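Multiple structures are listed underneath, in structure tokens.
Each of the two complexes below includes chain A, the first together with chain B, the second together with chain C.
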Partner chain A sequence: MDFAYSAEQEALRREVRQFIKENVTPELADEANPESDVERPRGQGPMAAALYKKIYDRGWLGITYPKEYGGQGGDRLTQYIVEEEFTRAGINITLGGSGAPAIMAAGTEEQKQYYIPRLIKREVSFCLGFTEPHAGADLANLRCSAVRDGDDYVINGQKMYTSAAHMSTHIYLMARTDRNAPKHEGISIFLFPMDTPGITVRPLWTIQNNPTAPVGTTYGNSRTNETFFDDVRIHKSCLLGEENKGWRVGSMGLNLDRVGASRYLISVRRDEDIVNWVKNNRFDGYSPAENPAIRDKIAEMWIEAQVCRLMTMRSMSIVERGGKFTYEGSAEKVWAPEHGVRVTEAITQMLGPYTTLLRTSAHAIEDGVFAHNVMGSFQSGINHGSVQVMRDQVARRGLELPSSRRPKKVEAK
Partner chain B sequence: MDVLLNDDENLIVDSAREFLTGECSTKLVREMEADALGYSRELWAKVAELGWQGMCMPEKVGGSDMPLVYLGLVLREAGRALAPIPLHSTAVATLAVARDGTAAQQEKYLPDVVAGKSVWTWAFTERDPRFVPEAVQMSATARGDNYALDGVKLFVDNFPQADYCVVVARTTAGSKGAQGLSLFIVDAKSKGISQKPLITLAKDKQSEVTFQDVLVPKANIIGAAGEGWPIVERMLDRGTALLCAQMVGAARKDIEMAIEYAKFRTAFGQPIGSFQSVQHTCADMQMWVDGGELLTFEALWKIDQGLPASVEVSQAKAFCNEKCEAAVRNSQSIHGGIGFMMEFDLQLWFRRVSAWTMRMGTSFEHRARIAHALIDIPGEVTLGRPLPAAA
Partner chain C sequence: MANCPVCKQPVDEAAAKAQTGMTPGGAKEVDPKMGTRQFHDGTWYYFDSLECRNKFTRNPDGYLSGAA
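What follows is the complex of A and B.
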């Protein structure tokens, strides 16, 4: 057991902090953060682009990816440390979701050579085309089809909640390639450019719209999308992994996406905010910091945040040892999001009506982050596998409880 | 950074578990509930051969000088097996001697501890159940080469079986709070000591111990007279973290029993473990005990490193108090009626885990300590970094 970072890792953290202090101004963080402006491409303003170039030159992008694909061949803990510091500064240095891990796990040499270096340099970005109107938690029920036609596939269907589709260069799409196979066995994954003819992206506005959420809000995105595919013709080389084996590829990517600094940090930052706020603020003669009930609740939430941190460390430790999760990643994905909700709701009962005030309002506390977090924190318990689905996985994979799934029935088409 | 057990730690756990599986049946646990002294002398002697009492004792007294984390792992296994031995109370008291006692005290007392020849306990609490210095009223009045102890201690663990008791008392008359407190090594058979058993839900040995003009040599003070509070705090922090280790060990076994039960108990034609309400409850139980375990071993590890660990200890205890209780209560729920029948073993774990949640600091007390460190000490806090108080 070792609960501390090594001297080398601590030195790296100081180095990253120094870099951030020297290079990340509030204006730059705002420009680089896609949450604060609904239409601007992620990190592609002139200041942000220059910053990412600098970060890349320092070797802090794609740390865990092999050198031959433009990464650093570093370990996950190094990635964690760098990611944690940049996330706190409002700068996203991840490769954005599950595309890159899935390509590393299932891609051809050609796909790895093409995508990974470009993802690391942020020349390519993926949006995720998984969910459909009738396939959410039961994702394998998806209908979007890819039909082979000579050397091509032709895609038809609709995807929901394709966040960042309007600012991504590519899509990472899950589609049905065999209608007659059992539902998990007729699915494939495709990677292709978003400017392929036949793709239409329509905005869906979230409850974080107008005013937009401050930087650092848990799920502050004001826009997501629905994306339509009408006879979209792509070359067969766009297939990732084997045809009809896409379910396994997709799950692999999602599992890796559930752990890391970002997932944990977005859920616990309000714990820091409230402690630091009550230490320095009061309402005329009333100091929430002196209220015994509030003190007790703050401590309770702080403990939970530590549990989230330690569960993340446990996942890191397992990955670092080259092991596989049975349930630990899922446990983390229950605890962090649910804690994020509990702490946010606790704060609303500490500060009362002030936590109704959104960004730009008079009297808003901390730029309205607590109010925006009320609308955002629960989203973390929904996306990338809901907390209910995660509990199923803890119970079935971790504890080996029997599946409650009924015998498969063939649904009428 | 690697929060999983390393090879040495796994070896300790495996050998302790294997030993207790062979030597500590629930039959023994039940017998010892009815025993006058409440512990198995045979098992106590055997664990001494394994070196458990001497694990964290200095080498010069025959101990192994191992990290507290290792003792935590052994206590976790002892909790898992509900081993009826006074290991926790002995560790709390003797670690105070080993860490803060004089060389003479260590040479005099600790070799017998390592050999399993003596049982120790400690006495802090009086009428006021809080673990704050104000709760100590007992007086220790200097008289020649001795102090005379007068007062009543409550909830003293394993007193009937103890040879020695580390007692906290006020050596400065009229002192308040943390000032004027001292720790004494007291022979439990001293003249003037009487004890009354308390009847507890865990059916363990807890006593009210009355001290009437009990003479204790001045040489038996641990640390400097009147300056004992920091030593008491360290003793309580170690003891609390070790109690958490014992608690998560017992709670883990308890929930494993419920999870196994859910796999074969059928209702409505299928195992109850296939129902999602039962599955999600089990998932929560697992995550609660995991959380308690991670917090506990981080606290023990920090103590080993000589880092400030009071906040970490309180995090572990406040969390374990509530979540281990919830976990074992849910195990009862999953078992239904059979779970609270005396003849069924599950209740043995339930009653002990419950009792341990109530000892060595309530959730409110521990959270108050955390809130103080977070809020009252100036400076910005950042999760995952030392608090301003500790930096």
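What follows is the complex of A and C.
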């Protein structure tokens, strides 16, 4: 068992760092950061677009995807190394969401040929249309309907928390195609463009709005959306996988999306920022790094971060070896966000009231990133499957417990 | 003009659906101040606020029957 990186992997890391040093300025990171300006699409400012072109030309986007679909046919650890370095620089190079892994697993050859190269080149981006006002943790309760009409489906209904709907070119939608089937059956997945007539996007502002979060904030989304579908007509070729089998496709996509670096990466910059701040600041000749209480907290935080990293490595290893990936991603999705809550609380205790000042305050520390991270850490426990749902999945898939149900009420005598 | 099923305030359905902009992906954007809506049992219901809609989501039958 060797946990060290190979010489080639270390060389790749140095190459990526050098590239970042030569190409990524704070202004560019700000432009590429989707939260720095709520009106600007992700990575579509002129500087950011040029940067992504350069990253693509280096072969650093879509590393794990097959070459015939525009990827590199590489391994997950290579992708992890590249993503980790770009995350430190505030640049997101992931393909974003479960669309791509779901298409690879369940898509037709035509869908793979169309979507995967465009996702890698960032010409296509998906927002996730799963949650509804009455179907969040209990997603199978969804009611948005897709009714077959000749060669088309007609969609009516709504989705909540479609976070990137205002920036995406396409939607990855889960809808009910059989109202009479049991609730986990009769569900299908569809992929279609956001400019299809009948789609309406309504903004919902989060706690990260006004001021928007600075670059480097963990879950700094200032805006999410609700999205409405009024008689949206799409061709049957938009169906992903089999009709009425969408629950399995959607679950598989979410699970596969949780493989890889993303759960650890949401911690990297935040955890390193506080370590560097403690090391690099002195007050009246005294360094916080010399304070026993702060050292204790920092060490504890680092240990937790390593658990997070090792869980990520284990998930990648399972998938690389072709093993069965069942509950591991859910376990990561519990540990990483809750680690974030503990870390941001610890940082607030260590640095005091100034850490609660947002970036608009002249007295904010590091452009308010620590304050925005406090809010982001709580968001991360809800986004993309709440930690409660994830624990339930660990219980069912990992520990093989039966599905949960409430005990019967016992009438008092 | 519809009435919010929760607080009974009038909601202009046309204004709630009126296009005020377009996303870069080509979807219609609306003014969130003009209310929101919910698709329930095949019918759209209009609300003056998210707060009202959240109440409705928890007890739609109660609000539609007037019992809530």
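To be clear about the criterion, the second predicted complex is superposed on the first by the 395 of 413 C-alpha atoms of A that agree within 3 Å, B and C clash if a C-alpha of one lies under 4 Å from a C-alpha of the other, contacts with A are read in each partner's own complex, and residues count from 1 in each chain.
By definition in this document, a residue touches a chain if its C-beta (ideal position, glycine included) is under 8 Å from a C-beta of that chain, and two chains touch if they have at least 3 such contacts.
The structure presented is a predicted model; accordingly, all values stated were derived computationally and were not measured.
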Would you mind checking whether chain B and chain C clash or fit side by side on chain A after the superposition?
fit
Once the structures are superposed on A, label A:334 by its partner contacts, choosing first (chain B), second (chain C), both or neither.
first
Looking at the overlay, does A:360 come into contact with chain B only (first), chain C only (second), both, or neither?
neither
Touch check for A:204: first (chain B), second (chain C), both, or neither?
second
In the superposed arrangement, does A:349 touch chain B (first), chain C (second), both or neither?
neither
Contact breadth on chain A, by residue count: chain C or chain B:
B
Check whether A:25 is in contact with chain B, with chain C, with both or with neither, and answer first, second, both or neither.
neither
Please work out whether A:281 is in contact with chain B alone, chain C alone, both, or neither, and reply first, second, both or neither.
neither
State the minimum pairwise Cα distance, in Å, between chain B and chain C in the overlaid complexes.
23
Is there a shared patch on chain A that both chain B and chain C touch, and which residues make it up?
none
Can you check the complex and tell me which residues of chain B touch chain A?
1-6, 9, 69, 259, 262-263, 270-271, 273-276, 278-280, 282-284, 286-287, 290-291, 294-295, 297-298, 301-302, 305, 315, 318-319, 364, 366-368, 370-371, 374-376, 378, 380-384
In the complex with chain C, residue positions of chain A that touch it
41, 44, 125, 133-134, 143-144, 156-158, 165-170, 193-195, 199-204, 226-228, 230
Provide the residue numbers of chain C that touch chain A in the complex, in ascending order.
17, 19, 23-30, 32, 36-40, 42, 50, 53-54, 57
Under the definition above, what is the set of chain A residues touching chain B in their complex?
1-6, 9, 77, 84, 268-269, 271-272, 275-276, 278-279, 289, 292, 295-296, 298-300, 302-307, 309-311, 313-314, 316-318, 320-321, 327, 331, 334-335, 388, 391-392, 394-396, 398-404
